[in-house]
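I have a structure here, written as structure tokens, and I will follow up with some questions on it.
The letters A, B, C and D name the chains in turn, as written, and every chain counts its residues from 1.
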Amino acid sequence: MDYSQFLAMRQEIGLLIVFLLVFLYDTFMPKKALNATAGFTTILFLLFTVASFIWGNIGDVDAFAGMYSTSGVCSMIKNILNVGVLIVLIQSCRWANGELMIMRRGEFYELLLVTLFGMYLMISARHFLLFVIGLESASLPLAAMVAFDKNRYESHEAAIKYMLTAVFSSAVFMMGLSFVYGLSGSLYFHDIALQLGSSFNTTLVVALAFVIAGVGFKLSLVPFHLWTADVYQGAPTSVTSYLSVISKGAAAFAFLVILVQCFGQFYSMVWEWMLYALIIATITIGNLFAIRQKNMKRFLAFSSISQAGYIMLGIVGCNDMGLAAMMYYILVYIFSNLAAFGVIGAIENQTGKVEMTDYNGLSRTNPWLACSMMLAMFSLAGIPPFAGFFSKFFIFTSAINQGSVAIYILVLIALINTIISLYYYLLVVKAMYISPDEPQIANFRSASSERLGLWITVGGIVALGIVSFFYDSIMEAASGSALFAFIG
Amino acid sequence: MELTMIYYLIPSLIMFCCGVYGFITRRNMIAILISLELMLNAVDINFVVFNRFLFPGEMEGMFFTLFAIGLAAAETALAIAIIINVFRVSNSIDVRDVNKMKH
Amino acid sequence: MQPVIPIIILALPLTMFLVLGLLGHKMSHRLAGILGTAGMGTTMVLAYIVSFTYFFSGNPSFIDADTHTRLQAVIFNHDWLAFTPSLVIRLGFLLDPISALMLVVITTISFMVHLYSNGYMRDHHGVWETGFQRFYAFLSLFSFSMLGLVVATNIFQMYIFWELVGASSYLLIGFYYTKPSAVSASKKAFIVTRFADLGFLIGILILSFYTGTFNFTDLTSVEVSNGVYQISESTASSVKNIFATSAAPVFMGGSVLTWALVLIFMGGMGKSAMMPLHIWLPDAMEGPTPVSALIHAATMVVAGVYLVARLFPLYLMEEMSLQIIVVVGALTALYAAMVACTQIDIKRVLAFSTISQIAFMMVSLGVARPEFHHGLGYMASMFHLFTHAMFKALLFLCAGALIHAIGSNDYTAMHGLRKHMPVTHITFLIGCLAIAGIIPFAGFFSKDEILTATMGHSTFWYVWMSAVAGLTAFYMFRLYYLIFWWKEHKVPQGHHAPHDQPWTMTLPLVILAVISCVAGFVPMGNLVTWNGHGMFENVNIFTNFAALDWGVASISLAVAIIAIIIATVMYKKENPLPEKMKNLLPNLWRWCHHRFYWDELYMFITHKIIFGCISKPIAWFDHYIVDGAMNGLALLTQKVSYAIRGLQSGNIQMYVWYYLIGALLLGAITAICLI
Amino acid sequence: MFSNILIYFVIIPLLMLGGFALCRTDKAVRTVAVVGSMALLALSVWLLVDYIALRQAGETAEMLYTGSWVWFAPLNIHLAVGVDGVSIAMLLLSSIIIFAGSFASWKIDNMRHFFMWLLLLSTGVFGFFISIDMFTMFMFYEVALIPMYLLIGQWGTGRKEYSAMKLTLMLMGGSAFLMLSLIGIYFHSAPEGGQLTWNLLEIAQNDSISRGWQYFLFPMCFVGFGVLGAMFPFHTWSPDGHACAPTAVSMLHAGVLMKLGGYGCFRVAMYLMPTAANDLAWIFLILTGVSVVYGAFSACVQTDLKYINAYSSVSHCGMVLFAILMINTTALTGAIMQMLSHGLMTALFFALIGMIYGRTHTRDIRLMGGLMKIMPFLGVGYVIAGMASLGLPGLSGFVAEMTIFVGSFQHTDMFHRVFTIVACSSIVITAVYILRVVGKLLFGPVQDEHHLSLTDATWWERLSTITLIVSVAAIGCFPNFFEWLIRFTFSPEIFRAIGLN
């Protein structure tokens, strides 16, 4: 065996090193030094992120007989996730240093890094065994993280809901997988595609549906989304923000890889239509549920469900442009959603309030928080000149690139849904800026880590769209990918 | 009588359905976990059977099954831990009691 | 002719308007009055110069020396708005017989009114009316607009100033804007004329679309051919050809030309208060009396007549449109005369009399044909326009003097004023004689020409119009007697006896009275004819006498005298005869007194139909259906959102159940669809 | 990039935004607002003069001052700018109204934030008018929409939350259709194998959108812009929105923002899809023709001043779209004239209504009366605005409407004729509701004793009003200049829809 193949996995290995260092620090450092765990982890991760940007991309390399593959796009999406995780880490500093967390904050970081490792595997896996390992290691530790707020009942309810549905989902997924295996005789993506040829039968369609359901669960596509709202609401805010952006981003990319690599030849016959149905259902149901939510986290949960639908539009296009648009969308979505969660977290950490009515008159007491929240909402709603507009526009453009009338109708439905989504995003703005009620939240100074997080995210919201560099480089990475060879 | 593949697949399918049925009807969360195990094991059987009957030259399905068993164990451990937590907080492991967050 | 003077004629009133309007409140009342009057006086002098130059200078651009034909002279013409290369609105100055005539009429009356208002617009103690400066500003605006209207070189310029006179009329009627009746009268005037203008506009659009021009010189040029004066061959053929070959030559039973002309006439009907668009004029008497004299008697209301006269060669090409004009005019004339017999408010009597007299002019235009005395009706119409402006302005100004002295519009508050206000009495009498058509006052000659022309066209209309002429004499003398005779004037306790007004008010009366006496001798036939060709070879002071058709003249004179005698019998002294007459024909009297219920009909149409049956339902529709649909959509979304909330039941088992169903359905439906 | 004058139309508002962010006192905010809006005004006047000079010098290019800088290279998105006479007229209109609007909001609460949002809106407006790249155009379009929500919500009156939400959602609904059609146009912007482009001029030159696709995309594009142009039946955001908006916002919104709709309709929908424009115009002609009289009739029975004006805007903006759909040089020129005219006079109306409302604290005409005596300046201003609205010659409304009517009358078929006459009849209905308001509001006896103690306009209100009145009169008195400026765009060679008509 050629051990130099491990070099291809440099990003994963780097992450493992970070994980180990954090583990060692947590285990062996004196108690006093443990106060610095959060800072240590963040800085370490920052270094890793930077290094990953610089040395991460080694071009298209397959390793371990094709089980593992990395390319410009893969390293790009990993880097994007890294940025998101970095922001989550910064934002969670205050929470991690809080009274309740003192004993367990090391575990939080370790679990988080492990799940990220799992996601890396999901992204780079070209063999279902590796993929399943990645999937499970990305979801099981998350259940523990969701349950982190030991003293809150909701946290446990969320954890058990997540746990049971996740295992159910992976059972269904593997059921589907077993039939795919039965039909193709291989678990290599590449071989599956070769073996299946272009013929398909009922079993394969149902198996494919099961596979889609399994990954769709991670992405919280309707109707596999039902866990999302409860879990987001119950989990600690930092975990929710992590769940809502990072794991979704990784899953979306993995979803794309599976669909085009294994089942690419069935695109226009089978799963294009499945995706249409899923996208319409996801966007619509997510929006319809979101409009009457009162709890901010639950509200953002439904909003993130409908955002997942938009992300899927990038897959429907099934070309480089769609891939780039999807990655760009994920990047922008990370910043926008994290800005929103940053504000929610800051307020929750200070006052414990998460209801939308608590935000009434926020602009008068905490103008900067309100402003960040508003920008986040505008970006999520796709209002220019904020990044969300560009990402939405590009993802619609990439979808329409496919050219059929059906896709126009699909996009039209998605666009009409943006109006519903605008409505509920504006509800938040209305509460903060327009509602004449007495402000519920007194003026306070949020922790410097929270402010740093907000500055980064708000800066991203403003800059990611207007500065074309980000999209251009993503597009450059995506246009080199050989992912779409089987589409036809 | 020769035991063809279908003789294995049908029980596995039945197992899977039992698991689903159990998951949906049982109130005890431990029972639900057991149902989940049933489902996962049905998947394992499938893999093994397919490997054995269709692609006997390779071992991919077998290996997958091994890993799946490991994963199932991890899942169960974690699930039980959380169930215990839930029990500590709400004094109940009835699954229908954990529905405070809804709509 | 250099365009300097014409430009000043237009620019001076406009400048006055701007100066008085913008700076008026900073000036003293007296200064504003003097400024306005002086400005108008200057304009008048300049207009006289221009007009006399046109008529008498013999300048080859004004008169063709060989054929003695007066020409249309465009003094200047500046592009204002080019719609297409050919359809261009130009602002210019067209001199031809009728515009020169109108220049004189407008500036004279306007100057008189300006002068008169100096006295009228202040009370007995010399306190100025509020908004005196504004009043003069509006008068100047009106004069500007009216002058612009008559010198228009193209039909769209005319429309522009047509609208502007409408607006200034609106402003002046509503001068006493705190009075609700004045406000509603001004509104009514504007809206009714606006409705008529809609017709005018569409007419213009049709006409200009098919002829490709707005210019009067293109549309109506007249030339001599084979010794006969007629609409120029080129214009006639091109217009005819265009209308004959255009894509939609026939529209709802009429040729496009007919439609265009009738619609344009509709505009004229509105401005000139022809039935059924006359209802605004009586109400317009809510404005200050000098305004009524200027706008609603002498100048603006004859714009309709002027419009038809201006396009007369075109009307000649469509017999049907002329017939319509005759019928509308004749009906209006009779109607207005009948109503005038029963009104109490002296200004209303005069208003209806104005309507009736304008109708005379309309009929006269309608019956004019080149075959008959070189289009005598056309000349008569313009002649009557001229004389009527003078004596009707005189009558209105007299009425103003009376109202100013008495403080009321009703003759019931007057009676027997002849001794108190001798100057007013005499001048009013002269006005009455003139309008009644008594020789040798101005109205006699012009009305006689009209009746002659009507006779030449149709005996029926001649009899009809003669009867109306008789009615005119009757109601005017009824008014005269009721104001100045009937019974002795009772001065209320503690009041001064009414007396003649200051010189600023009496001087215009005297001047106008003198004009009313002599205007009939103006040899109009040589100045204003439809084709520009003079009617008489030699002109002297008795030309008009010589040209009279004595058959017609004696009959009309007799009718007038009989009517005056009846009026004298009925109204000279207080007697029960009028009451008896009223009781003899109660229904007729009631209908006349209520002006045949036109106003009520309009009220019904506007309030019940337009507001009640169109606007309100539309507003309702907008609010409940269109907006309701939008709100409904939002509500539906909310409702659906609530309806499906059960999906998120909070129960894990339901979650996986939906999950499974979803996955199976996804697979199954796709499979079924594909296989 | 910075050598192009047009860019400064975006940069100045952005600088002003920055300036506001630094301001600490109301006085400083006012200074920045006045200086900035004067700079914008000066810039647009200078642009106008320079443009005329270039055209006189024989410049025949379709657009002048063009510039194009790559933005998102993979999608061939450029920041492309360029103006012709129409855009310059619109820029001028915008800067005049922003100038007047700054003075009209001299005393508003929370001034700094108000002006920041207002200037964000203006950035969008200016950006929209200078863009010739569909993407940037659309971006600026949406930039202009969203500040409305906060401006109405925070500074509005009445049912402001409802109205703000409705306005935003309906306009965004329109832009949803718009976005789809723009993307659709992009993918058909070049013949098979050619470089796709967002640039309007290039797309028009390529002329590669097939008839079928035009049929599909044109209605969406037209409706998308039409919603902002208050096209029946998508106009209901307008009355509620205007009624609740603060003065300057109503001015800017009715004066400029609604023009974005009309501008987009011809610059994108008709310009790029001439075939469909000609074939499908009749559908929209019915809608807009209806909206002309429908708005006017609705205005007749309203009692709230702003509702009256909002419905009159529906009618007048309906006229804009109506004229655009007539697809000939004269009518299209008239449409732009009507945009200018309506923009100015409706801004004037809303300014005056705001000033009156600020004094009487009611907008119900039944509760007011005789205000002419109490506040003559505002009264006279209102009458002038009314006269402009009902089309008095010498003011802007007349020339615009007449151009439209003459243009529309060029069609000889029954359908167009009937709708032209229907549209013409609106001048009567307009007179009805304008005079009704003027009569009730300004004339007659004073209704409310308390009103007697009210004061007339302050100097900044006078300045704001006079600016607008002078502009209205300038268009009304010298229409040929403006028509000349505009007409170039609509020569059949450039605007192919006319050639096809």
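Just so we're on the same page, a residue touches a chain if its C-beta (ideal position, glycine included) is under 8 Å from a C-beta of that chain, and two chains touch if they have at least 3 such contacts.
Keep in mind that what you see is a predicted model, and the values were worked out from it rather than measured.
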{"item": "Chains touching both chain A and chain B, listed by label", "value": "C"}
{"item": "Chain pair, A-C or C-D, that carries the greater number of C-beta contacts", "value": "C-D"}
{"item": "Chain occupying the most central position, where position means C-alpha average", "value": "D"}
{"item": "Whole-Å gap between the CA centroids of chain A and chain C", "value": "78"}
{"item": "Mean-CA-position distance for chain D and chain C (Å)", "value": "37"}
{"item": "Mean-CA-position distance for chain C and chain B (Å)", "value": "97"}
{"item": "Whole-Å gap separating chain B and chain D, where each centre is the average of the chain's CA atoms", "value": "65"}
{"item": "Touching two or more other chains - residue numbers and ranges from chain C", "value": "634, 645, 648, 650, 652, 656, 660"}
{"item": "Residues of chain B whose C-beta touches two or more other chains", "value": "23, 32, 95, 98-102"}
{"item": "Contacts with 2+ other chains: residues of chain D", "value": "169"}
{"item": "Chains grouped in pairs wherever the two touch, ordered by label", "value": "A-B, A-C, A-D, B-C, C-D"}
{"item": "Chain D-touching residues of chain A, taken from the complex the two chains share", "value": "321, 324, 378, 383-385, 389-390, 393-394, 396-397, 400-401, 403, 405, 408, 411-412, 415-416, 418-419, 422-423, 426, 429-430, 433-434, 468, 471-472, 475-476, 479"}
{"item": "Contact set on chain C toward chain A in their complex", "value": "634, 637-638, 640-642, 644-645, 647-648, 650, 652, 654-656, 658-664, 666-671, 673-675"}
{"item": "Contact set on chain B toward chain A in their complex", "value": "16, 19, 23, 29, 32-33, 36, 39-40, 42-43, 46-47, 50-51, 54-55, 58, 60-61, 63-64, 67-68, 71, 74-75, 78-79, 81-83, 85-86, 89-90, 95, 98-102"}
{"item": "Residue numbers on chain A that touch chain C, as the complex places them", "value": "160-161, 164-165, 168-169, 172, 200-202, 205-210, 212-213, 217, 222-224, 226-227, 229-230, 269-271, 273-274, 277-278, 285, 288-289, 291-292, 420, 423"}
{"item": "In the complex with chain A, residue positions of chain D that touch it", "value": "70-75, 77, 135, 138-140, 142-143, 146, 149-150, 153-154, 160-161, 164-165, 168-169, 172-173, 176-177, 179-180, 183-184, 186-187, 216"}
